[in-house]
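Letters A, B, C and D mark the chains in the order given here, with residues in each chain numbered from 1 onward.
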């Protein structure tokens, strides 16, 4: 009998929907049906059925081909390579559970590595802005239950977070927003008329790259000053009208995305958005939220903040203290400046998602990829180690875009012999300790350590 | 006065963290002792002597110690960081954090510098003959206390983030700047002799900015209040005087709001 | 837990639970517990000429969870302070790396508490929806035993039930929530005010109506006291009162304290009190504004000294650059308006909110200096030291690593006067406070009550923590202080309490000569209430999830077992 | 030959996400990402017929993709290649010292290249690091 598993979390985008229902085969090895998920989530679950999924590590041979090797050999190679490197770079964690992110901390300390995650090419500038200006935010339920004005600034959830608008932001009927979309005024600020812009009541199609000026204009009119007739391509009257809409909201919610973080000024665009949010709180209630891309990309920010005090770009090469300064200790800058001599890519695809030049720089040195699937990075790597898929055949904690921890379930049994990220990292760490004649530091007795389990025990 | 000369002998494979290259660290040491001072390359601690030949002993104090680096330091970070007195001269380029957190003394880089030069500087002089990359005289991430004092002069051009969260001191860029000048600043003076793309004085609370070239995109939060004549870096010009950022909070002095000032050279 | 035998020999033992004050004696430990005696093969710790106390118990500290981490995340510059926060702890020496000053990393948190000889800390505010996060941090924090208090006073279920006077339903909901969050007790933060903050409003008085819910903070406080005693939980309610931090707030504080009058503690854990008023310093201010801001510690303590069913902790200002963080969302918004520094806010659906703002307590800024004096005065005016506990409301009034400095000020008038003398406004501070006129110097016995026996009793943990009687946890701290010669050298007091000469946790030596030597066996302590199922509460909770008022699935809400790997569960049985 | 200077942005799309989760060597990923959206007016100016191949050149590289009319309205002057392997052949790695490359808002030149072949993802990435041996997708 196939089993229907409910309350499953979707390991794709930052919406981290956990209302998915997955029908799996009797032996829990195949996904048969996926309910409630968007097209991307559905594809993701079905992709786990792919019979060609790698089951053994593969090492590149002198002739350029890849050859399967046992896990022990892969672990040994990874441990030795990282110990020998002057400064390894560990990057990724777009699709890993928090248990894995925690376990990698030991390896990073032990090998004096730089620890970085996908935020570095995504919402990293949002972190920089949070460092400078704070983050007046809330959980998505607050937006759903209260927000009567919703602003999408430089983000396009209809494409990047397909169920965001129906679960949290535009359509749902919340506790104080019983009329759903009827009760919400939606503003979209984007240089293109995106599918999200089409849903909005007001679309401000600004000149690309001039968000900072437009934020400045909003803040200036909110303080009662005049502004030029046109700012960033938007007429003064439109700016004033939009500012009034935000100011007169009962609860104004600003979501922002890559349109702010990938463009000129980067962090300062968000920095200014946060200033606007602060200002609006003098008039009404206003919150702001980054549209984080992956289902658990908020996770490394959290886990590493409590372990090292920084969310990303963490240089642990000193051994006794962490140092962080994006622009210096960030993956792309390190690569372009040839500051690292070993690259470990975990649960992300630098091969596809970095600009090609940093990839070429990183490829000068050992290049290790840990990922459940084949991807661009794995196909140029020196070693590819497959692991279980967090949220599909491995449970664990993930942090949704609003930093709400959600305990994801597993729906499938993992492929036999394939470890989870956490198990793999623990084994690599143990091997490193063996090689350096030191005792592993588990904080607690080894026998007390436990790996994630799916079901809550009441 | 004693001069210590470092001659680069080897380019680091990665980057060498030359945090020991300061008059403070060299003072009271012989050439051999200086060559034994530490620096990091990745996780390994190496000696200065592995990358430089050292000649000359340090002076008795930092103030008596002049350092000359005779060659390129494109891959050496932290030159002159945290120094309090004395001087450092580099006959070539230098990497990140030149003069970071410096309190006194003088640094002269004859080539270009990378980003974060003069970060959270408190005093002294930093002179760069070439260009600077980004974040000149800015604050460390998250700190609202940026540059507090001293002078940075870049004879070439600079990138983005000049004087972010600046509280005092002077930054002079003799050529062009890309974007973000004095963002979040609450004091200090920035002088730009070339053109700026935009974002001059955003979120700025207090302080002065002079631009002798053009600003391509003015922020809407700046308002022209008059024309003034002012002397800047030894020459007099007529400026359009703007105040701002009107979108930002401002303190009051004697019942009047105190704004940041932007002096933009008036069209001839 | 260590199975070996240990004996701490010849120290000046201070154990208020047995009224032992400085008698020279031995403490024997076997199988992780204190015993009458051990065999001659027991490992000997020489404590001659040193002070021996139980492990410290911290009743209120923000050490783990979402807002603590929001503080860490938003303050990279907190890690920049070289010397203050860089230690030799590294993998190569067998330890995890430390970081952070005002909001230390989990590793540094565990190590620093151990260095100070503390065995238990109560995380002071856990948002229930985010409980898995709190537990993830707790299990990454070495050595120290931890528990966490879920916040209840702005919770929609609680407010709905109490609006209708339904104490039993409230109690059943508390029991359910403690179980699913692995929580310890009932925390109240700015009752009603934080709920109002969801609309940008606040409740500055206990009689202000809470928007939409149509009850008052006073109703919430009274109702939760009743529910707490109905259940007979180990800890009393733990309250952060309304109108924190504002000049002239002390009458409001007294009004809320009075809500406990006439209520008797009902529990099986030896707790005699029904309300714990936390970081009282922030609630003991006079004046109409910042210009005539002054201390009202005496007025507050006059009341508390005679009101035996109330405990409190100090929330002492330590005059450091720190990070404020509280579930009192509107307060943090107000504070960032005063100092203009960065501001983080996290409103949590149906439950609570939190704010974080960096703050510099400057001894030369008059209100800060007055706050410093106020916190110390509360302790110095206290008559029953078993009801007055040392905290800094870490990190709000200062980091917990400053407890030794607070102890120094409390034990030495000379040290207080020395600090006072360095202030820019010494005379004005003296005029606005009582501190200059107080000669009292607390004894080591007082300190042991305030940091050990007192908080343990108030938390209902007196059987295991806070004392050295046989049968209790084998947690023993040894400080390099001469009992016979106190408080001659105030600086030595601070140094001794900062770095314990030895600290034994569960019978294992975890600190030697002030440095951590072992990661020990930390535990997560939580309270499990067994009571008959309440169908209405079960239905209400399930509807909130199924109707989508919550945005997570109900099956993913309870904290899973594996997240709290070393549990110490306190059972509470409520009869039908 | 005509060419046009445009401001390039590279962002997500649901087609890209859905295809990526089927695997980056899946033909759907090729179809979803090896395209450049631009305003028809700009196409006309550059002599580009819709659904024909173009060469996109930035300060740091060049890539052949198929020009299509915008699936989401794109004003004149702006071009869009969906996030992914093809976009990243031209995205400048400069980060303004923030760690994040210039994924959006960089100048490109676009010119007709109707007879050029669009390379596969694997060919582009392996080719860039000297590992492309041809043949397989």
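One rule holds for everything that comes next: a residue touches a chain if its C-beta (ideal position, glycine included) is under 8 Å from a C-beta of that chain, and two chains touch if they have at least 3 such contacts.
Owing to the predicted nature of the structure, the values given are computational and were not obtained by experimental measurement.
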{"item": "Central chain (distance from its CA mean to the mean of all protein CA atoms)", "value": "A"}
{"item": "Most distant chain from subunit C, judged by the mean position of its C-alpha atoms", "value": "D"}
{"item": "Distance from the mean Cα position of subunit D to that of subunit A, given in whole angstrom", "value": "24"}
{"item": "Separation of mean Cα positions, subunit C and subunit A [Å, integer]", "value": "34"}
{"item": "Gap in Å, rounded to a whole number, between the CA centres of subunit B and subunit A", "value": "34"}
{"item": "Centre distance in Å when subunit C and subunit D are each reduced to the mean of their C-alpha atoms", "value": "56"}
{"item": "For subunit D, residues that touch 2 or more chains besides their own", "value": "96-97"}
{"item": "Residue list for subunit B, restricted to those that touch at least two other chains", "value": "115-116, 134-135, 140-142, 144, 160"}
{"item": "Per-residue multi-chain contacts in subunit C, two or more chains", "value": "74-77, 341-342"}
{"item": "Touch-based graph of the chains, sorted into line, ring, star, complete or other", "value": "other"}
{"item": "Partner subunit D, residues of subunit A touching it in the complex", "value": "12-13, 38-41, 43-44, 47, 50, 64, 120-122, 124-125, 128, 156, 158-160, 162, 191-195, 197, 205, 208-209, 258-259, 261-267, 293, 312-313, 326-328, 330-333, 335-336, 349, 351-360, 363, 373-376, 379-380"}
{"item": "Subunit A-touching residues of subunit B, taken from the complex the two chains share", "value": "13-15, 40-44, 96, 115-116, 134-135, 140-142, 144, 160, 165, 179-180, 183-184, 198-199, 202-203, 217-221, 223, 245-248"}
{"item": "Of subunit B, residues touching subunit C in the complex", "value": "140-144, 249"}
{"item": "Residue ranges of subunit D in contact with subunit B within the complex", "value": "96-97"}
{"item": "Touch list for subunit A against partner subunit B, complex", "value": "85-87, 111-112, 128, 131-132, 210, 212-213, 215-220, 222-223, 225-228, 231, 264-265, 268, 271-272, 275, 279, 317-319, 324-328, 337-341"}
